[in-house]
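The data blocks that follow each hold one structure.
Note that subunit A is present in both complexes that follow, paired respectively with subunit B and with subunit C.
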Partner chain A sequence: MANSKIVMGIDDIPMWASIDRHRLELQTCDDCGAIRYPPAPVCPKCLSEKATWTAVSGEGTIISWVVFHRKYFDDHPPPYNSTAVELDEGPIIVTQLQGDEPEGSWIGKRVRLGYAEHAGRTQHFARLIATPAGQA
Partner chain B sequence: MARPASAYIAGAYELPMRLYPDKSLAELQAEAMLGALADAGLERSDIDGFFCGPDAPGTGPLSIADYLNLKLRHVDTTNTSGSSYTIHVAHAAQAIAAGKCDVALITLAGRPRSEGRAKGALARTDNPQQPDFQWEHPFGLAVINVYGMTAMRHMHQYGTTSEQLAWVKVAASHHAQHNPYALFRDLVTVEEVANSPLVCDPLHRLDCCVVTDGGGALLVVRPEIARNLKRPLVRLIGSAEAPKGQNGGEFDITVSGAAQSGPAALAEAGVTGADIRYASLYDSFTITVLMQLEDLGFCAKGQGGAFVADGGLISGVGRLAVNTDGGGLCNNHPANRGGMTKVIEAVRQLRGEAHPAVQVPNLDLALVNAIGGQLAVRHASATLVLERE
Partner chain C sequence: MTRNLSKVAAVVGVGHTDYRGDWTRVRAGEKPRDSVGYGADAFKAALADAGLQASDIDGLIVGPTTPYERLGEVLGLDVRWGGQADAMLGVIQACMAINAGLAEVVALVYGNNQRSGGANYGGDNAVGGASFLSYIYHAPWGFTSQGALYAMMFRRYMEETGLTSAELGEVAVAQRLHSSLNPNAIQQKRITVQDYVDSAFVCEPLHIFDYCLINDGGVALIVCEGERAKKIRKDPVTIHGVGRYDLNKGATSLEPRLTNYYLPAQQAVAEQVFGAAGIGPKDVSSMQVYDSFSCHIPLALEGYGYCKVGEAGRFMREHGISVERGLPVNTSGGHLSESYMQGWAHQVEAVRQVRGECGERQVKDCNYVHYSSDVAGKAVSIIYGR
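And then the complex of A and B:
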């Protein structure tokens, strides 16, 4: 077993640099305006090669999650969660929920991205946005 | 539109063992071929088309075709993970209709159990150049998580329960008890499934398919050839394939490619889901079966839990007999790829050669569906409609 690691592709370098700066950026198509994920050299909607890395709001809604009870990596001792968040800008990203966990279903809960050191790199994570009624 | 001239599955063979510590992959490929040839009553020299997946060692089809000493005029190594071999049946029929070959051999063989490779439980490290893994890998993901996320959202959206999912495994165990070759032959209860250890909440150990060595082979042949053989005639009358991805980041994880491939294959066959009494559905995990039942139209979206509950998939009990060999959940999941065994059991059912305890009486129509890859984010659904003439 070993640590999980970043697999750095050419198209991913600006993304990881943005995470190092604690502000996640995704590519916005200069021609049709679509914000895409995963990073890619062309727009999946209009095939334009022109795009600008744009900071996202960092807020979104949990669309699903799982909790791993088996160990796959040294740096992810179970139990640990994997959480899919639909960003307010549209794309669905995978991250981990840290801090308080909702009672019952996590789906529909509002979260905000944060950043933390993990195994020698900076990663994003999600934290519940506190609301007065405790509801998203 | 007139139904296109189609091909027949004349030979089907499943390697009998579930552990092969002392046989090479090449030897297993050869045994699978020989089994299918004997089943069909054909000779190796009849084969002029070869279809295989990346489980065949070597460059594409080249090493194994040479090792088997095949004389070929058509090859196809389409790889959509576990659904590859289901797609190969359709591609073989298309090649035959186009005059590119007469007798197509499709093979699968693997030794993940001997080699300690449990794909669903492996961390995702497939290929660092793959453009869609990089952002997920650092978060400690394994293949099972996309199936788990689909199950979790299905539960949230439709009220599906772990107990309902468990019924898929319970039905498989009811069938597997009659299969002397099945890896697991013991009956299990809903409680045993739902109380088995969590692997990836909400999926438990008994929601996951088995890891087995083995494989199998199919022979898809031109109609004139099939009619001169002594075996019952099983004809492909409809097929479709549907890759599904992330659509640039906007997608619904509770809909599979079967929503596209199912209706297309049924329309080509000129039948509806209501005509189908037996289906082989890829059961990589219990949730995979639920998704296919809904997306193929056997029940409304969200009603899969109610459909499978109380023995809904048990032959002779439920409305639809599913995976009467015990499926991937109890019987066999050779090479971590289930698309081959799904076709083989459908052929057994249409020939009337399934175990008498699970044989669907007077069956003349069967559906096969496989979901290869990773449900929710990147997979290919393949649907076949088969008819007994």
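And then the complex of A and C:
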């Protein structure tokens, strides 16, 4: 067994550099405004190469989650979760919910990205956005 | 003019390795064969089933886990047309080649030593990562294995539709019933829904019984031009329709998995394949579904119109999906309980059901068998019949 690894394609390098600076920057198409995730050489909507790396707000909504009960990587001892979050800007990312977990279904819960050291690299995680008592 | 591949070709021979025997040997630490060896054994069995000689073969399609040239060399096959493809595309490509006059008798051969060779479907060096970025891209967050991708997909489906864990368990229970009636199947012991619910999670919400086996083996099919097929044997199994639709947009960010469960792809293929065959879901006697994970079954039932969208849980529980009641699905036991041959063994089962050779698990009056797969949003269907 080994630690999990980043898949670092040439288009991923600027994104991971931004994560090192504790923000998540993605390419916004200069021609049609579409946001790419994962990073890509051209815009899948209009095939334009022109794009500007822009930080996302870091807020989003959980759309699904799983809990691993089997060990696949040394740096992820089970049980642990992987969580799919739809960012407010549109892209769906996979991250890990840390801290408090919702009672019952996680779907629809609002989260904010944070950044932490993990296995010798910096990566994002999600935390529930605290809601005032009485509001779910 | 609408073109399709209906009745262009028929299956005249099927063959496979000894799944149970090799399972036992591999678990005892033996390496009975490599991928080429398993393919060779299956090819010989398929030739014998068809009553053909190797010299009758003029086309060769080899599975993705088996080297094309080496297999052709080992089997002594020089051919006028050849290629490499997965099970579903292999059958379609054979029909296309025959339709184009590029070949007349095509051997499809697959061998896989995935168990004895130690293939990993999750973690470091996960199989398939080179072709499907989603299999490896989210690894930094521990999100690995194809099972986890389907767990993520099906969690949302369950939350959205209310399908319960016990309802999903109907798949594993029915397929164990089938495998217990199949002497070739690796898993011979029946289970109950309670056994399923009580079983361990691998990636929650999926239990161990939702996962396919990982075993060694080989499968071969001989696909032949339709008129010649009738001269080769009295009961060739005709391919009445094929179809494919691929969802690639947003695949790595899991968008099609999580927003529509591949439904549009399956619906598009339903139109193609039922249109080509001139039948509908009501005419289908048995369905064979690529079941790397149990959740493929409810999604296929909805995608092809066997039940309403969002009602697969109720359909499986009330109507049934076994040879005992309802629509018999994966009558061999499938990947979960017979053998994980990546869709290849499902073609064999479809052919044998149409021929009426399935003994205790035989579907009565089996006129049409519908094969479906939706691996990573690449929906494919084939309809076999008399």
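Going forward, the second predicted complex is superposed on the first by the 133 of 136 C-alpha atoms of A that agree within 3 Å, B and C clash if a C-alpha of one lies under 4 Å from a C-alpha of the other, contacts with A are read in each partner's own complex, and residues count from 1 in each chain.
Assume contacts are C-beta pairs under 8 Å (C-beta built on N, C-alpha and C of every residue); 3 or more make two chains touch, one makes a residue touch a chain.
Just so it is clear, the model here is predicted, and its values are computed rather than measured.
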item: Touched partner set for A:15, first subunit B, second subunit C, both or neither; value: first
item: Which of subunit B and subunit C A:35 touches, first, second, both or neither; value: first
item: Touching partner for A:96 - first (subunit B), second (subunit C), both, neither; value: both
item: Common interface positions of subunit A, toward subunit B and toward subunit C; value: 4-7, 37-38, 44, 63-70, 72-73, 75-76, 80, 82, 84, 91-96, 105, 107, 118, 121, 123
item: Residues of subunit A defined as touching subunit B within the complex; value: 4-9, 11-12, 15, 34-40, 43-45, 63-70, 72-73, 75-76, 79-80, 82, 84, 90-96, 105, 107-108, 118, 121, 123
item: Residues on subunit C engaged by subunit A in the complex (per definition of touch); value: 122-124, 133, 136-145, 148, 151-153, 155-156, 159, 200-205, 249-250, 252-255, 258
item: In the complex with subunit A, residue positions of subunit B that touch it; value: 121-123, 128-129, 131-142, 144-145, 148-150, 152-153, 155-157, 197-203, 246-251, 253
item: Subunit A residues within the subunit C interface of the complex; value: 1-2, 4-7, 37-38, 44, 63-70, 72-73, 75-76, 80, 82-84, 91-96, 105, 107, 118, 121, 123, 125
